[in-house]
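To keep things simple, chains are lettered A, B and C as they appear, and every chain counts its residues starting from 1.
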Amino acid sequence: MILSLPQQIEALLFYKTDAMTESALAKLLGTDARHIEEALGELEESLKGRGIILIRAGGEVMLGTRKEMSLLIEKIGREELEGELSKASVETLSVILYRASVTKSEIDYIRGVNSGFMLRALQIRGLIEKKPNPNDGRGYIYTPTIELYQYLGISKKEELPDYQELILSLNALTEKKAESPDYPRGNESAIE
Amino acid sequence: MILSLPQQIEALLFYKTDAMTESALAKLLGTDARHIEEALGELEESLKGRGIILIRAGGEVMLGTRKEMSLLIEKIGREELEGELSKASVETLSVILYRASVTKSEIDYIRGVNSGFMLRALQIRGLIEKKPNPNDGRGYIYTPTIELYQYLGISKKEELPDYQELILSLNALTEKKAESPDYPRGNESAIE
Amino acid sequence: MHESYKIKIPAFEGPLELLVDLIEKRKLAINDISLARVTDDFIAYIKSLGSLPIAYTAHFIITAATLVLIKSKSLLPNFLLTQDEEGNIDELKRRLEMYALFREVGEKLKNIFAGAVLFKRPYPKIEPMFVPDKSLTVSRLALVLREAIKNIPVVEKTPETTIAKAITLEEMIDNLTKRITESMTLSFKQFSKEVGHKTKEERVFVIVGFLAILELVKQGIVLVRQESQFDDIHIERNNTIIPQK
C-alpha cells in the first residue's frame, strides 16, 4: 500500500520529533513545495478532533500536543518550563512575531533602543532565530522559533492575539509614512 | 474545550514515547479499564488512513509509524548518523571537550544560541554523553565519551591545543555572565 | 513641574518607552498637545540621568530635541518649523503609535506565555553508535573554539559613542549664561551656527542648547524675543532679575 503525502509527512514528523523545514520534507519525499503545502493543509485539517496538532512557523512544521493537554503533560513531564518574561523581552518578541521576519535595525527603530543584548538572550533561550537576510547578502533577519509558538500555545501566526487588527494598524502607519515622503530618515540611523 | 478520551490518550502516548500500560493510562486520566479499552478501540479506528498507528501488546500501548514508512525512516536515521558534522556541532563539541564537563546553559551562553538540537546529534553519534549533574540534583552535564578521546588521540583535556590559553579566555567571559543575571539590562541600550 | 515625576534610574530603557509611559499615565492620546504636556517631565528625566553613559542618554536627547520643537510651537504661536523639523515630529508620533501597539500586544503575550504549552514529542531513546567525522581533529576543534570565543560579546565593554563628548544640560546652561553676559544680545541662529550644524551629533548640541534657553526663560535669567515670524529668536539677559547661578 502506498501512503498519501499527508500520511507520510505525519509519520516523518512523528519520527523526527524536531521541527522540519518544508523544503527538507519536499526533498525527503521527492516532491515539490506546492505539493507539500497542499499536503500540510490536508494534514492540518485531518488532525482536527485529534489529540495532536500541526504547528507551523515560518517555513517549519512540527507535531505537538493540543493546548488542552498542557496541564496534564506538565504534570508527567520532566521538562522545566521557564515561565517569566520581562517587559522588554515581550516587547522585542512581539515585534519579531507580528513582523515575522525583521532586521535588527528595524527592531531597534521600533523600540527606540539598541536590542543587541536582548536578541542574544532570546536566542540563547531558543525563542528566536537569526538567519541570513534573503534581501541583503550580508545582513540578518530575526524570526520566531517553533518553540516560541509552543510556549504561547499557538499553532500558527494567525492565532496570535489581535493578529489581524495589529497588522491593519501597522499597515495604516506605514502608509502614513509613505504619504509624507520628505520626512528625513535621519533619526533612524541614530540608533546604529 | 474538553477533549475526548481517545484524544487525551493520543496526546499522552505521543508525549511518553515509551509504551504505557493501560492501567497507567486509566490512572492518569482518572477513569477505569473499561473506558480506556473503549477509547483505545476508537483511537485505533481513527488512526486508520493516518501516518501513525497504535501498537498494542500484552496490556501495553504505544504510538509508532506505519510500517510502509520504515525504509524512509531508516534512510533518515543513517543520514543523521553518517552525515558530515555541521559547523555548529563541531563548535558545541569543542566547548564540551575543553570544559570536559559542562551544563547546557553554559554551552548556550558561549555559543549565543540554543544548543539542544546539536547536543542530541552529538549524543546519537556517541561523541558526548549526558549525565546527571553532581552539583545540581535536577540538572545535567555533558562530557566527551572515552571513544572520542581515543579517536582524537588524547588522554585528558590538558592535552588539547592551547588548552591553558583558551580556558583562561573562556573563564574570563563566562564569569562575567555570573555577574549579570539574565541579560545586562544597563547595556541594553548601549550603542554598539 | 520637575518634581512631579520621580523615577529610579534606569527605569526606562529608551525614550519611546518613557514617552508612551508618560502619555498613558495621563490617559492621553498621542498628539502634539499631549507631547507638549509631557515635555517637561521628559526633560526632568534626562536631567536625572546626568551620570549615565552618553550612549544611553543620547537617544533621549535626540527625542527631547523633537519634543522641544513641539513645545516651542505650542508656546510661541509665531514659531516656524522647517520641513525637516515637521518631518521629525511626524516621525516621532508615528514611532510612538507603532511602539504603543507592540507594547500593548506584548502585555497580552506575557499573559499567555507558558500558560498552555504545546509539547513536542521528546526524543525516543536511541542506543548511541560511535560515528566520528573524518574532519574531526584536535586542531580543528581548537580553531572552532577560538572563533566562538571571539564572538562572545564582552558585557563590560565601554560602548562606542556616537557623540564625541558628553554634554549635559547643566554644562550647556552654564555656557549659555556666560555668553549672554558677554554679549547682551545673541541670536539663536548665530548660536546654533557656532555650535555647528553639520552632523546629526552636532545638531544634538544645538537642541540641547535650545532646551537650555527654554530653561533659562523659565528661571527668568533671559528673555526670548522674536521680532516677526521669520526672524531670529533673540536671547537677552533679563536685567530685572539678578541671575541666581
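Note that contacts are C-beta pairs under 8 Å (C-beta built on N, C-alpha and C of every residue); 3 or more make two chains touch, one makes a residue touch a chain.
Nothing here was measured: the structure is a model prediction, and the numbers come from that model.
Trainee: Work out per-chain C-alpha centres and flag the one nearest the whole-protein C-alpha centre.
Mentor: Measuring from the global C-alpha mean, the nearest chain centre belongs to A.
Trainee: So, comparing C-alpha centroids, which chain is the farthest one from chain C?
Mentor: B
Trainee: Find the geometric centre of each of chain B and chain C from their Cα atoms only, then give the gap between the two centres in Å, rounded to an integer.
Mentor: About 44 Å separates the centre of chain B from that of chain C.
Trainee: For chain A and chain B, what's the span in angstrom between their mean Cα positions?
Mentor: Inter-chain centre distance comes to 21 Å.
Trainee: Roughly how many whole angstrom separate the Cα centroids of chain A and chain C?
Mentor: Centre-to-centre distance between chain A and chain C: 31 Å.
Trainee: Provide the list of chain B residues touching at least two other chains, using ranges where the numbers run on.
Mentor: Chain B, residues with two or more chain partners: 14-15, 109, 112, 120, 184-185, 187-192.
Trainee: Going by the touch rule set out above, which residues of chain C reach two or more other chains?
Mentor: Correct list: 13-14, 58-59, 119, 121-124, 162.
Trainee: What residues of chain A sit close enough to touch chain B in their complex?
Mentor: Contacts found on chain A: 1-3, 6-12, 14-16, 18, 28-29, 46, 49-52, 63, 65-66, 68-69, 72-73, 76-77, 80, 86, 88, 113-118, 120-121, 123-126, 129-130, 147, 191-192.
Trainee: Write out the stretch or stretches of chain A touching chain C in their complex.
Mentor: Interface residues on the chain A side: 14, 17-19, 53, 55, 62-71, 73-74, 77-79, 81-85, 87-88, 90-91, 93-95, 97-98, 109-113, 116-117, 120, 149-155, 160-162, 166, 169-170, 173, 176-177, 180, 182-184, 186-187, 189-191.
Trainee: Once bound in the complex, which stretches of chain C touch chain B?
Mentor: Residue list for chain C touching chain B: 10, 13-14, 53, 55-56, 58-59, 119, 121-126, 128-133, 135-142, 144-149, 151-152, 154-156, 159-162.
Trainee: Which part of chain C faces chain A closely enough to touch in the complex?
Mentor: Touching chain A from chain C are residues 13-17, 58-59, 62-63, 66, 83-84, 86-88, 90-92, 94-95, 97-99, 101-103, 105-110, 112-124, 153, 162, 200.
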